[in-house]
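Input: one structure, supplied below.
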Amino acid sequence: MPDDHKYVLTLSCPDRTGIVARITTFLADIGGWITEAAYHSDDDSGRFFTRQEIRAESVPFGSSELRRRFGEVAGELVADSWQVTDSADRKTVVLLVSREGHCLYELLSRWHSGEMAADIGVVIGNHTDLEPVARLFGLPFRHIPVPGDAAGKAAAFAQIRAAVDAHTPDAIVLARYMQVIPAELCQAWEGRLINIHHGFLPSFRGARPYHQAYVRGVKMIGATCHYVSAELDAGPIIDQDVIRVDHADSPADLVRLGRDIEKAVLARGLTYHLDNRVLRDGLRTIVFG
Amino acid sequence: MPDDHKYVLTLSCPDRTGIVARITTFLADIGGWITEAAYHSDDDSGRFFTRQEIRAESVPFGSSELRRRFGEVAGELVADSWQVTDSADRKTVVLLVSREGHCLYELLSRWHSGEMAADIGVVIGNHTDLEPVARLFGLPFRHIPVPGDAAGKAAAFAQIRAAVDAHTPDAIVLARYMQVIPAELCQAWEGRLINIHHGFLPSFRGARPYHQAYVRGVKMIGATCHYVSAELDAGPIIDQDVIRVDHADSPADLVRLGRDIEKAVLARGLTYHLDNRVLRDGLRTIVFG
Amino acid sequence: MPDDHKYVLTLSCPDRTGIVARITTFLADIGGWITEAAYHSDDDSGRFFTRQEIRAESVPFGSSELRRRFGEVAGELVADSWQVTDSADRKTVVLLVSREGHCLYELLSRWHSGEMAADIGVVIGNHTDLEPVARLFGLPFRHIPVPGDAAGKAAAFAQIRAAVDAHTPDAIVLARYMQVIPAELCQAWEGRLINIHHGFLPSFRGARPYHQAYVRGVKMIGATCHYVSAELDAGPIIDQDVIRVDHADSPADLVRLGRDIEKAVLARGLTYHLDNRVLRDGLRTIVFG
Amino acid sequence: MPDDHKYVLTLSCPDRTGIVARITTFLADIGGWITEAAYHSDDDSGRFFTRQEIRAESVPFGSSELRRRFGEVAGELVADSWQVTDSADRKTVVLLVSREGHCLYELLSRWHSGEMAADIGVVIGNHTDLEPVARLFGLPFRHIPVPGDAAGKAAAFAQIRAAVDAHTPDAIVLARYMQVIPAELCQAWEGRLINIHHGFLPSFRGARPYHQAYVRGVKMIGATCHYVSAELDAGPIIDQDVIRVDHADSPADLVRLGRDIEKAVLARGLTYHLDNRVLRDGLRTIVFG
């Protein structure tokens, strides 16, 4: 087994003294060689969060036995959430797109080059503009138009749901998908549905954020990668970034300059998610970057 | 007269072809040695903006004659706003503070070291906490408490207005002044009243922006230097900046980290203003930095 | 002719009063509608630089007549360098690559999506690793291995020269090409040969810059897009950027994090170059961004 | 005892499995309430580093007993370096300055406002320019000129050494002190002697870094806070930062713009040092920020 075969353990539980000791003693006892460890005690919520990355070869058993044993520790610590993932289990991503291609190119390039260690199940578009891009990279493309009327929309999202769920994806990425996702899908895909918003949230929610930014005369624009919740552009933020702009930049310039930030922030946020580096604490995220 | 004696000419007018030719021909005709020139044509508003910095010694007459002649050009161009300032005319600043001192220390340090080429007329506080800081730097401090009731508040702001206007200041700076300025003062001091908001506007307007930022879980926090208008935290932005934060930063950490950004952005914004580098275009600013 | 048909005029000459007046009067006289204008007077070198972007439709003649007339102005101003380019004349780019693909994916994606308004003549690699990427995008790939011995190397670069020059490219881009370009080619392609160095120049010239950065313990790493001169990694810088790193980042992390900066800086630098936004002043560049 | 009474434990030792378990079990056993914990395993050097911050009130004994007990753990772990500091023990800083005051104002403002929780023993200058600034803040100033000749220089530094050592400072800060510190003092003050270099090291070592940066035509300038070692500008880096500049910025502009970065980076680096957040690993630093 290669040197980079890893197990990742994550856990969140009510905070108290001795948790780190309990977890690290557990790992020491099974001989686990920790390659990366991160901890966070949140004063506000009174919760504790950890992520441990260990060499698979250092543990004398497989991931299912590790999961069983770590489950006992999680039980003791009254964990509200915990996970053991095996880097050998390849993840799956599904992409939803509309007409803007820069985020799609970015993710497909990272996938094609092997930088993103995940499979891409399907690219779904409500327009056909980006079908050639998916095809270019040899990926299946599904065109599911989303009509304006409620019934048509419901039917479309039922199709989308089926097309997505067929892949049981670890991440459903809205790569500049310009449709509002119905609340029940936000619910169903909660914690797996990731959006890139082309504005520095919570500023400029909703439509045409660059135009809003231009009108307001801000001196920096940004992008936000976040989990989608039922409330529009209000889900937990994974990552953000900004760039400086000035009075000489037209709305079209902001759109152009923003693209580079959007795709970089989305790629980074998705990587954190796929690496199990993001833990959630209500509206806040713990990102063990 | 020293080498750094300069005239600064600013002008905004409806855009059309030939404006730059007209202005630069005017300057060439009077022998003006341009040390810095900036232009902006705004597609959106259809207005033209310029700032020209010229060596005083290169012009065969003084600032009042220059003003008269440039006024003729401005008239031809149907300028809605124009100005000739003489670097030999020292500017005056008045500061309003509450309890947080970091912005005050920053501005007084720059003033004391000569980096800020302006006089500070008076420091006015609604609390006495920062009186020792003003005194330390040998500056007068006026304590004008602002009561909670409408009548008391009106009386207090009448006093503040008199205390400020006595200095006919070029800039009235709210250096973390924690009181809402009455609309009539915003009006009276329009274009001279500068605030530092401890949030990345338009996000987190109003009270406790760092706490708001914490709760929302943003990954960057910022500060905004802006002209004050009657609507709270909604005036034209002069400058902004951000820093990266993460889940480990408590609200108290955000407050602490934010201080460095606030004072840097305020100092930069004020410098732009005092150097006549900021032209206004409705809610937007042209900053010839 | 479409609204975005533009002429770009650039010029550098010895500085003196009246240059801007001369150029803008020239443009006003021919009815030129300036959509973007930039000027720079360099105190140090005593030279003046300008770039003017005008709507083609506003001028009552074509680019060759404009070139002839502007040449007269340039002559009067004793310009050492001037140019009139027509946005209708499509530019050509040639790419040289080795094994690292992220910059190649970035540029090909921008080309494929139409964001980069230029043709890509050929992709040349000293290895075949990236041939599939060029083919993916439907582009010709030439494999020209570069042997270690002087004679083999000379023969290889003669081939490369012929393959490049066949396209008379406006830009020859070293997109992580891991070979030192011979001095005579640096000379022949001077001002058109663009490299992305994976270090914040002038730090970490030469090989393995991330490893050098790691050993030195810097807290930020960067990338530099620059024109290539005969001296290694010492040509005029077009653009740079950095990201924050910390002690937890291994050399492999630096390589991974650096990729995103490299490709963004290269794409930005190349765009500036193709838009005739970069003027050279010895080792320094004027970038009218 | 107030809520913010803390003990800080730091330790570095050869890496092996079980270290975190050992340390956290030790802390759990004595009831230590960890308020902040950080760990780093360095693959390269094979060393382990940790910093633990605990509430003093949670431990049933004082700092000397804690030190004794933690010393036993350190012994077991074959620690090459470890420390227990008590936030109740106030630290002392000594400042060395020349003529540029911005870093001095910054540090004295933070000290005066209580933001920097340390005493300033003395300000030593090789010129008298900044004596008024020290006096303004009510601090003693020692003028110790440094002659150009070797004997005079040696005598001056003997005086400086005595003046510094009289305070047994936790940090000796070169706040834009424009003299090279003799090797024996670098040695004597190793790990406590902190410099702010006005360049993005390792670029632009030595004199006039902004001028060097201007000549090289870089697009960003920076500042570096580092421990001083005998080799000039080559000691372990604590923190760095940069700002974007462009062709329009003269060397004087770079100096002016750089000031803000210098003072911010120095203040941040010094705070990390005083909070025992910086551990050293040869030329690299571990900064548990």
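Going in written order, the chains are labelled A, B, C and D, and every chain counts its residues from 1.
The rule is short, and it goes like this: a contact is a pair of C-beta atoms (placed from the backbone, for glycine too) under 8 Å apart; a residue touches a chain by one contact, two chains touch by 3 or more.
All values derive from a computational prediction rather than experimental measurement.
Any chain that touches chain B and also touches chain C is listed here: A, D. Centroid distances from chain A, each centroid being the mean of CA atoms, peak for B. Between the two copies, chain C and chain D, the C-alpha superposition involves a rotation of 180 degrees in steps of 5.
Computed centre separation for the pair chain A/chain B is 41 angstrom, with centres defined by C-alpha atoms. Inter-chain centre distance (chain A to chain C, centres taken as mean C-alpha positions): 35 Å.
Looking at chain B, one finds that none of its residues touch two or more other chains. Contact topology of the protein chains: fully connected, every pair of chains touching.
Contact residues of chain A toward chain D in the complex are 17-18, 20-21, 24-25, 27-28, 31-35, 37, 39, 41, 58, 244. By the touch criterion stated above, chain D contacts chain B in their complex at residues 101-102, 105-106, 109, 112-113, 115, 133, 136-137, 256, 259-260, 264, 267-268.
Interface residues of chain B, counted against chain A in their complex, comprise 40, 42-44, 200-204, 214-220, 222, 236-242, 246-248, 250-251, 281, 283-287, 289.
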